[in-house]
Amino acid sequence: MANLKLTGVAKTYGGTVDVLKDINLDIKQGELIVFVGPSGCGKSTLLRMIAGLEKITGGTLEIDGQMVNDVPPAQRGIAMVFQSYALYPHMTVRDNMSFALKIAKKSPDEINAAVEKAAKMLQLGPYLDRLPKALSGGQRQRVAIGRSIVRDPKVYLFDEPLSNLDAALRVATRIEIAQLKESMPDSTMIYVTHDQVEAMTLATRIVVLANKGIAQVGTPLELYQTPNSEFVAQFIGSPAMNLLPGEIVETGAQTRIRMDAGGTAVSAVPTTDADRGLKVNVGVRPEDFVGTDSATDYIYEGKVDITEALGEVTLLYFEAQREDPVIGKLPGVHADLRGRTVKMTADPEKVHLFHDKRSLRYR
Amino acid sequence: MANLKLTGVAKTYGGTVDVLKDINLDIKQGELIVFVGPSGCGKSTLLRMIAGLEKITGGTLEIDGQMVNDVPPAQRGIAMVFQSYALYPHMTVRDNMSFALKIAKKSPDEINAAVEKAAKMLQLGPYLDRLPKALSGGQRQRVAIGRSIVRDPKVYLFDEPLSNLDAALRVATRIEIAQLKESMPDSTMIYVTHDQVEAMTLATRIVVLANKGIAQVGTPLELYQTPNSEFVAQFIGSPAMNLLPGEIVETGAQTRIRMDAGGTAVSAVPTTDADRGLKVNVGVRPEDFVGTDSATDYIYEGKVDITEALGEVTLLYFEAQREDPVIGKLPGVHADLRGRTVKMTADPEKVHLFHDKRSLRYR
Amino acid sequence: MSPALQGIITIIIGVGGCAAYFYASNYVLDKFVFPARTDDHGRNISRATMIRPWLFLAPAIFFLSLYLVYPVVGSFVRSLYNRSGDTFIGLGNYTQMFSEEGFRIAFFNNILWVIFVPAAATFLGLLVAQLTDRLKWGNLAKSLIFMPMAISFVGASLIWKFVYANNPEIGIINAVRDYFGMNPIDVLQIPFWNNFFIMFILVWIQTGFAMVILSAALRGIPEETVEAAIIDGANPFQIFFKIKVPQIMGTIVVVWTTITILVLKVFDIVYAMTGGNFDTEILPSYMMDYMFRDDGRATAVAFVIMVVVTPVMVWNIVQARKEMN
Amino acid sequence: MDNIAGQKSGLSIVTNISVIALVLIWLVPTLGLLVSSFRERAQISETGWWRAMFPVEQAYRISPAADGAVQEGDLWVLSGNLFENEEGLGSGTVSGFGITSRAPGAAQPGQTYARYEVFVMEDGEQDDTNLEIAYPADGEPEFPAADEDGNEILTDPPPTFERSLTVQENGDFRYVDADEIDRAPSVYITANTPPEFTLDNYETILTSDNMDRAFINTLTVAIPATIIPILVAAFAAYALAWMNFSGRGLLIACVVGLLVVPLQIALVPLLTLHNQIGIGQSFLGVWLAHTAFGMPLAIYLLRNYMVGLPRDIIECAKVDGATDFQIFTRIVLPLSFPALASFSIFQFLWTWNDLLVAKVFLPSNSESWVMTVKIADDLLGSRGGDWGILAAAAFVSIAVPLLVFFSMQRFLVRGLLAGSVK
Amino acid sequence: QDLIVPVGEGAFTWDSYEAFAEEYDLTGQRLEITGPWTGDEKAKVDEVFRYFEEATGADVNYSGSDSFEQDIVISARSGSAPNLAVFPQPGLAADMARQGYLTPLPEGTGEWVAENFAAGDSWVDLGTYAGPDGEEHLYGIFYRVDLKSLVWYSPIAFDEAGYDVPETLEALKELTEDMADDGVTPWCIGLGSGAATGWPATDWVEDMMLRTQPPEVYDQWVTNEIPFDDPAVVGAIEEFGWFARNDDFVSGGSEAVATTDFRDSPGGLFALPPECMMHRQASFIPAFFPDNAEMGENIDFFYFPAYEEKDLGKPVLGAGTVFGITNPSDAASAMIEFLKLPVAHELWATQGAFLSAHAGLNPETYQTDTQRAQSEIIQDATTFRFDGSDLMPSEIGAGAFWSGMIDYVGGTDAEAVAAGIQSRWDGMK
């Protein structure tokens, strides 16, 4: 039901501390936009500005074509889950959840039904009559989520709604949110998270915030597959993409790079003659590394310092004492690799090239 | 420097609400124990009891062989990161971090060095002179972590220390914690988390709490590979293990099960003749599913309702309208599978069998 | 109509009326004056937002301006006239006053009061609030400490006569001195220090006030911060002074201010204890000496009192600014 | 947090002791008043209240009727028992006696105490003076060599007997006089008085005319004068704490400034105003006056409390669609309960104990008297020095405020905000 | 409730009352009176007013207040004054008259007072003040006077110790010294009185003024024609100091003088052993005697004597309460008429603790001999002077003078004190 348009939005605290600058963003009705970005980059601030809780110090925010910079939160038709939960401490869980509906003068039956449904979904049934102080951290967070679910707003704003839930519940709630979204294809959602999986699975588009501005906007797969900068490349995907320095030696539809540390990489990123000799960073995601025995056609060779077995996969850390170690991710359990030297390469399609922090693909 | 021994520890709120019962646990010096469990199962409570912030209402807690039920928190030699951060709101970040050291009458140089080091590690440098209220959620959490790192306690207690950090920082901090642990092999750490990866990578042993007690204790791989109950099986690993009903038709070193929904599963779990005809749940992790074309040797056949592309892998949801859908996880991108019917099977080594919620392997 | 019935009706009308006023005026504002549904949606809403605070404030402003501002302005004008109120003498009352020794003594004493009483009462109140916080009989103790608050100033002065009286058969201080064979002294006549004996009466009364407010504030401190400090190894003193007190600083300012203001108003105690003699006069009692006799002078003193409170005002505004950011 | 392990008992002992000490310091003066409220005026000024619990030796003057006097030789003799017909004379055991008020207990029971006229040498001149002397009842007086001024007592002329008194422990006495006993002589005894307490003071106060009326009037004044300002102030406080508008800082400053306005300068203009608009001296006038005079402090205290509420919660309610009115009534008001409770306690106390406003704004007839006026003007006026009444009055008027305090105290609860935010 | 004495019975002057009753019919009118009498005294005066109600049918509502001085100013200024006010000090009445809050009494009242009151002219003078226009009118009529020049003592104690009642001030001083020599404390002096602390000392000084200076000087002092720090005044203050500033002469030592409450002070006479032998205080003080006080037995009074040597006769200091009209009405005027009736005075006299200057009052109606004896002292007086501090502007007489005396008792020298008071007085001009 709502399109949002941010034009040149900026936020300055106390006249001096710039937090956000020149944010331009078009959010279409029915989208689920996920904001990601390093801690402290201004995700919550942006969300709060959209909610109307924080003055917009520059630019305009339009909802459905109407400038709402000065419209109070209540009239923007939004629901919000706060990062700090912000439960009403003097109300029981049930009252917390039904507060907005009561305000909206919904009938008791309607309220009850909505609350019961949300409670069931979030497994809050047994706690409906407790006060927030008698709940665990995760339970509090679920109440906060439930509170926004029971309403039926034009725009949902979620600030890290799942960060305190356990894995099972997180998956369940995530799916619930996805279904909620699906069942209301018209409602717009904006979602802040730190969780890669959440961002990747939920988002229609992901907005990566960094350096007071937007680093890239795109669908999850776009961001994953074709990051336009080293920052985004490293930010999306966990563990982060490995960046290894090299020099372009062959150009064309495929590019060949001689790695500074030895070995050669081949990338499907097309280059022109002019690029020959360019110093680039070769980006390979840990999960894209595959072992190789080739004497030259390897992108990286190193001794496995640490292995982390996650069950389904094993992480291999090379040069773990470096600030950003090189990491490989192999399916299955490979504790035996520790201390061994291995060579790794990757499918050219999955080899990214960055120059001057920007992707060569996008220059 | 510290062994912990919990014997029959229990917690009751207000004489009636049982939260924890009969917790028995031996924690060796130098271990890093991770508590996991569903939200509200009492992880924080157990941690607080170990810290001494919550009276132990039953059983005993020993640190280094000494009963410490009644020893005040300050004398237990612990540091704790609170789930709610608990920053001192009136102190700057620097003062927050140096408070404990000042209390301990450390020299200013020493304090400064410790604070600077922790700040650098947690990327808090620019915020050292801000008050907590001018920090973002993640920044606050980092301060809380920093505060415990600057001290040098016998036992570290962390209550979901990373839940508000972004992926990169989370990996970085996780590795820092791992290295911190490594650099102080003698210090004992207890760590509560919801994050599978954290649990799997950090833990020496994982304690799964459920139903007011301990469901299973073991190294991460033990729990992943040989869960002793359906609960643990589903709790460890994300998405959760699929459980599919069937009946044992062949026993021996390998077991063959006829699936109720059609198809046959083979498991490496040995069974005896007596088990023939037993109704079991066949457990297969999503990541262990592999596609098959065999007409009979498949464990599951279904229509892909939803696909979630995470970049490196794709999640396939079958029967998504069920409360716990069957999930498969295939490497790579497979958006094209949506709506198609596929058959899947798994390596017998990775097929678990459960009867009466317990693993057949452990009966 | 019996006054009791009248009172009940007033409560209903007053409370209901207030509630109705606030509700109705908000309703009218939103629905009729600046309805949000018309074309200039945004403008109307922001106009309504500008007006709404004043709806909330209106009754209070009405009372404040009619009952306080209006007399204050009137009095200020009056203070510029001579004693009979017929000749304008500018600041004559002020200049003359400051040239008089009696006034200077009162002024000096008042400074003493303003410093000592709020400090002592707040400190003791804080101490009691903290000490009784986790005591089993804490509520009883608090009630006992609070009791003087409930005693009228006259009653309180009487109580302290039983302490200070120089007859050892009445005053307990002199009874003790007498027991040790010392001569009775009249503590109310010891130059300079007698002020403190009188001030202590107000401290005795006001500690209960400070205690009640501060103990509510102490209870509002997030427990986790205290727990964190406990784990950090802070001892109870450090927790109190370094964790708790700074967190309730705002409330301490409030309590301090309130007591300061009270100090600037209370004359009953001085009146009842010494009648302002033995150099114990303070500004309020000095003002009462002139009240209804020389209104020019009395109102001038009132304004001096208001000026004395300026630093406290400034302090409060600074504090309020800090909180708002 | 009550749950913290191993809290040191040593500390708790110190805490207990210091609280006990503080409470004692706070209590002792009040205790004095309480004890005094059960004593008579005369006792209060005679012995310290701390001795009221113990028997004290007290002197009495007794004037036994002269009727039974008989002449024995030159002397007239009156005998009988001192405790007959006399009431309230302590334990009924004489611990000492005398014949002058200066020394009412000079002699022991069983002795005879006599006055002689003796001649002394003073500055070389002969002079006569009185000498009192005690000796065993069956013995004879022995005169000292010199009187208390050090003058030599002459044996010639010999001392002349004037009168003597013999008293036994049980009160039997024998009074001998050289002159005819024509009017009741004054004799003095000392006896132990048991502690004596009386409810008279309370009776005086509680049974005095119109006291019930005054009580009801006081409540009538105090209750609306407590509730209305809180309500009005709470709205204003909310606006000043959580609403954005220009002039807010200035308004806060004004409120703080108005805190200090002395009531006295407002009385005359306001009463004039009330007279002009027809309210005159009435309960309505008092309510309005109290409301206004309590307003600055109410706004000040409440605003400061409200400012401290977590911002997120209020913002959340805004997002939930609540209007300011709803945020105020549903969120802020319930969360401000401790502040509301404390202020209502104080406002109630002030209105309850107020004398000035009630006197000025209420009619002066006795139907409209509140307790303070009743006590100050009616009970104490002619009894200003009657500390017993004053003390009892103080305790009578303290009862209701204390009740209010006790009942409100549970609203000053711990951790109202707990669990709301991370 | 019955009247205390049925109309027509007893030794009361009923004729004029009956004539009065004939003349006035104010049925339905309401008369508001405020004054300083509270408690017992209010009860007594209420009884008197009931006769007025009986006679006129009006409804009298008297209310008393301990802080009358402040209340009347507030109510007068805010326009809610009662019909009549009873001023405890002429000074306050004069202040209010000047500000226009009082209405002059009906024509001819002055003449009537001059004729019918003992020493009538002086009562007229005391009730005559300048109005707002500066013109002098009679604004007040006196009802109930106090006699101040009294010394209270215990005849039994005097008897036992062999002391005699002194006839001259010289003898009184000698007696004081004798007593001190004998080891007994001669005087109980208490100046405490809450906010009014210090006033008992002003009575002492006034008595001393009358005993050291001719009455004319006293009058000049009261009107500030001679400055407060005139040697004559300083001398009188020092005479008071002779008594009060000597630790041996006053109970508790001179330090106690300033803080002992005047209401507790006479208690020393009744203590066993006595804490003092004498107490100088006005005729109202028996109200504060303990229950066991028996007039003529353990308590009695004598005239505070004058210096024989100075030959100033027998000066007497007194005070009284004065009725003024603050809000004219028929009933108010009628009340003034009523107060002219002897019976209005007799009816309180018969309830005790009342003296009157009304010459037509039948002495038989006094309740006690004491009252009669006191009224005789008034009669015998060669000089009668009204309490000076009550005549001074209230700022001085009820302010600076009081606190000055406390300073003096506390050790400040008399001249400095007097100069201080004078400068305050100067400040008012």
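Letters A, B, C, D and E mark the chains in the order given here, with residues in each chain numbered from 1 onward.
Note that in this section contacts are C-beta pairs under 8 Å (C-beta built on N, C-alpha and C of every residue); 3 or more make two chains touch, one makes a residue touch a chain.
Protein identities per chain, from UniProt: A, B = Sugar ABC transporter ATP-binding protein; C = Alpha-glucoside ABC transporter permease; D = ABC transporter permease.
All figures in this text were calculated on a predicted structure; none of them were measured in a lab.
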| item | value |
| --- | --- |
| Other chains in touch with both chain A and chain C | B, D |
| Chain occupying the most central position, where position means C-alpha average | C |
| Of C-D and B-C, whichever chain pair has more C-beta contact pairs | C-D |
| Greatest separation from chain A - chain, by CA centre | E |
| Length of the line joining the C-alpha centres of chain D (ABC transporter permease) and chain E, rounded to whole Å | 29 |
| Whole-Å gap between the CA centroids of chain C and chain E | 40 |
| Distance between chain centroids, defined by C-alpha means - chain A, chain E (Å) | 94 |
| Length of the line joining the C-alpha centres of chain A and chain B, rounded to whole Å | 22 |
| Residue numbers of chain D (ABC transporter permease) (touch at least two other chains) | 1, 4, 45-46, 269-270, 323, 376, 415-418, 421-422 |
| Residue list for chain E, restricted to those that touch at least two other chains | 74, 193-194 |
| Shared interface positions of chain B, touching two or more other chains | 53, 72-73, 83-85, 137 |
| Chain A-touching residues of chain B, taken from the complex the two chains share | 13, 36-40, 44, 83-84, 134-139, 141-142, 160, 163-171, 175, 194-197, 200-201, 220-221, 224-225, 234-240, 285, 287-288, 306, 308-312, 315, 317, 320, 325, 329, 331, 333 |
| Chain C residues touching chain B - in the complex, by the definition given at the top | 222, 224-225, 227-235, 238, 242-243, 246-247, 249 |
| Contact set on chain C toward chain D (ABC transporter permease) in their complex | 2-4, 6-7, 10-11, 14-15, 18-19, 22-23, 26, 30, 49-50, 52-54, 56-57, 59-61, 63-64, 66-72, 74-75, 124, 127-128, 131-132, 134-135, 138-139, 141-155, 158-163, 167-170, 172, 175, 204, 207, 209, 212-213, 215-216, 219-220, 222-223, 226-227, 230, 236, 250-251, 253-254, 257-258, 261, 264-265, 284, 287-288, 291, 298-299, 302, 305-306, 309, 312-313, 316-317, 320-321, 323-324 |
| For the chain D (ABC transporter permease) and chain A complex, residues of the former touching the latter | 310, 312-313, 315-323, 326, 330-331, 334-335, 415-422 |
| Chain D (ABC transporter permease) contact footprint on chain B (complex, rising order) | 52-56, 68-73, 75, 83-85, 137 |
